[in-house]
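In the two assemblies presented below, chain A is common to both, partnered first by chain B and then by chain C.
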Partner chain A sequence: MSGRVQCLLCPHTCELEEGQRGTCRVRMNLDGELVSLVYGRPVAAHVDPVEKKPVYHYLPGTRTFSIATAGCNLGCEFCQNWEISQAAPEDVPPYRMEPEEVVSRAEETGCSSVAYTYTEPIVFYEYVEDTARLAREAGMGNIMVTAGYINEGPLRELAPLIDAANVDLKSIRDDYYRSVCHGTVGPVLNTLQVLREMGVWLEATNLVVPGLNDSEEDLEGLCSWIAENLGRDVPLHFSRFFPTYRMTDRPPTPLETLERAGEIASAAGLRYVYVGNVVTGSGDDTFCPECGRAVVRRDRFRIVENGIEDGRCAGCGREIPGVWQ
Partner chain B sequence: MRPKNTGRMGRRGFLRRAAVGLAGLAGLGALWSLRAVSGDPGREGRLSRRRARHYRKLAG
Partner chain C sequence: MDCGNRILIMHYMKLTLLPMALALTVAVAARDPGEGGTDTGRTGILWEMVSRAESVRTVAVRPPSFVDMERFRELIRRGFLTRHPAKWSMALEEDSTGEERR
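Moving on to the complex of A and B:
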């Protein structure tokens, strides 16, 4: 017997007739049951430095086996990976890679973790869950790079398997999410708080788009919200926008804007602020908030110097939050 | 100013244009069937059918 189903994974809560797919394109009503069309079918599998995610306070200098399937439950007009995130799964040739193989390949390539990234891991939830469980059993960590648009119930079930997450907080404004990303901000803020509460190492990214979310008010609001609700120790990565996909009507983010964003974040009390998607002098380095020393120096994705000993600044002994070994 | 070729079409002109149109459609159809046969018949087969979690069945 077939019938309608409602997906409860993300806030879209798509109601699907027989044969229909959700907004994500990868979850479908098949004979009255909801199925994942991308389980074990990654379209990308790479060995990356963990710094590329970006995750800066979790096992720096290690490699992470990074996978993605097709699909996403948002539709950001600036998506850098739109060729796979906004595609139907049958339109992008996938690999066949069951969770066991992901973990064995991660081990073979000397990775310390598996990262669910590039597109939106929420839409391949079951694949993440099974792979993460096996990776954990094999002594590896799990990293989720996500927009955080997920319902709280599924998130709380998955979070115990996740060691670190970078959540893309695209703006603090709901109207921005609605008009540019085809979502809402409330669930993303909730995801950030739940991950923090559940002890997942958390970092946040904000893509600064000229003329859309780069005003003083926007940046101050976003930084203040993080400081007040997640704490001043949550690293924030400001990422440079480049015109792509449906947003080709504006230039890349000026470097001065990113510098100003960093100043605003520091003024809001955030202790670890980084600038990404751009080569800067010291925007990638981790500074000790106590003595000002550059405790982790990075050259793009490469660790040049790691001055953290037992989770503390080698200079003054102050604790630097993160998972360092 | 009206375009020059909006005068009444003769019967032969109409038939010729209709024939060209039909030929075009037939060509497109052939191309389409070619694509369907030789394009990538395995595309659907690439998809998994793994039972998902976090959903409910709706009544009616």
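Moving on to the complex of A and C:
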């Protein structure tokens, strides 16, 4: 034996000598064994509205107990949570919260689900899996907010425990992933397709960065890929960029760009398109594609009106895809 | 300055100073810029280009790195970090010739 191990969780497939940790910083070779350094050690634990994830078609108006450990297997230069995602776990004081405690706290705080979010839940895979199993047994849902950079085997094993996912599709271009996110686009597209195929409620988010992925060609390519490969009913959230972390050389996304992105998505056939990280008139509302009525009206993360009855538009009766109760 | 001296100085610059400057530039650019990457102000442009080269494994923001084992064992003992068995791992073995097998 060489004492070397290879982590097969994500496409980086890090080969680790004894005493080495992977690119995610939270999985390492300790005495010839691959271990997780962050199991039961979240650095963030909050009660959030489910709309904040953002997940708009899954139990609207409910609360979700949201946890994250340190670490990420990507290195997006615009990361909004870089203080914890790009940090080494020894540099961020964690809570001690075993899966049982996560679920009991979620119950105590009236949450309908547990969300694995803020950083990258893929890197704390074992913690997600054990917590999700207990949450499911307690009658709660599980939400994964992820960049989707995971190998297919681990994904297929975890997916049956996940009820809803929001996957960040940062661009449709591989060169963008390589230069800005330090990953590749192929595995992310595969994750989206596998989650859809396995019946996980799926939404996608695209952060629109001025000058990098906001061209008509980029947006049309991304929206067309979603429509053709995932279907027109997958909600797409366009999120506004704000300068942060390593990307402070450009302004926030202009509102006109986000509006244009919404138009492009609609033209591509997507039925549920939202604009996030910005206060707009109706960019957060869900419209019935049949009669045009605003079936769910939102004021940021608050539900103002829910006109969905038994999964259908209260006005015309058309089915609105999602998990509504 | 006469014409002969000027030619001599130009030859000296071309043959000695320019190669030295080029070598220095390459050496600095190839230096490991550290975990903060080139944004730290340390150069290492070539190092970053090579580390972000074509294969999936090398696009990672940071390559696998060694940790201070003594410190980590102490952090694990104190419960700050965990040594929970991770899934999706594969041992890499060497055969009798020293070649690695999977």
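Methods note: the second predicted complex is superposed on the first by the 323 of 325 C-alpha atoms of A that agree within 3 Å, B and C clash if a C-alpha of one lies under 4 Å from a C-alpha of the other, contacts with A are read in each partner's own complex, and residues count from 1 in each chain.
The definition used in the following text is that contacts are C-beta pairs under 8 Å (C-beta built on N, C-alpha and C of every residue); 3 or more make two chains touch, one makes a residue touch a chain.
Predicted model only: the values in this text are computed from it and were never measured.
Colleague: So if we stack both complexes on chain A, do chain B and chain C clash, or do they fit?
Modeller: Overlaying the two structures gives a clash between chain B and chain C.
Colleague: Pick one for A:52: touches chain B only (first), chain C only (second), both, or neither.
Modeller: neither
Colleague: If we overlay the two complexes on their shared chain A, which of chain B and chain C does A:8 touch? Say first, second, both or neither.
Modeller: A:8 sits against chain B and chain C alike.
Colleague: With the two structures laid over each other on chain A, which partner does A:184 touch: chain B (first), chain C (second), both, or neither?
Modeller: second
Colleague: With both complexes superposed on chain A, which partner does A:40 reach: first (chain B), second (chain C), both or neither?
Modeller: both
Colleague: Residues of chain A touched by chain B versus by chain C: which partner has the larger set?
Modeller: Higher number of touched chain A residues: C.
Colleague: Touching A:196, do we find chain B (first), chain C (second), both, or neither?
Modeller: Neither partner.
Colleague: Does the superposition put A:75 against chain B (first), chain C (second), both, or neither?
Modeller: second
Colleague: State which residues of chain A lie in both footprints, the one left by chain B and the one left by chain C.
Modeller: In chain A, residues 4-9, 15, 27, 30, 32-41, 89-90, 93-94, 125-127, 129, 151, 153-154 are touched by chain B and also by chain C.
Colleague: In their shared complex, at which residues does chain A touch chain C?
Modeller: 1-2, 4-9, 11-17, 19-23, 25, 27-28, 30, 32-41, 73-75, 86, 89-90, 93-94, 96, 125-127, 129, 151, 153-154, 177-179, 182-184, 246
Colleague: Under the touch definition given earlier, write down the residues of chain B that touch chain A in their complex.
Modeller: 43-44, 46-60
Colleague: Of all residues in chain A, which touch chain B in the complex?
Modeller: Going through chain A, the ones touching chain B are 3-9, 15, 27, 30, 32-41, 89-91, 93-94, 125-127, 129, 151, 153-154.
Colleague: Give the list of chain C residues in touch with chain A in this complex.
Modeller: The contact residues of chain C facing chain A are 37, 39, 52, 56-57, 59-67, 69, 71-72, 75-76, 79-94, 100, 102.
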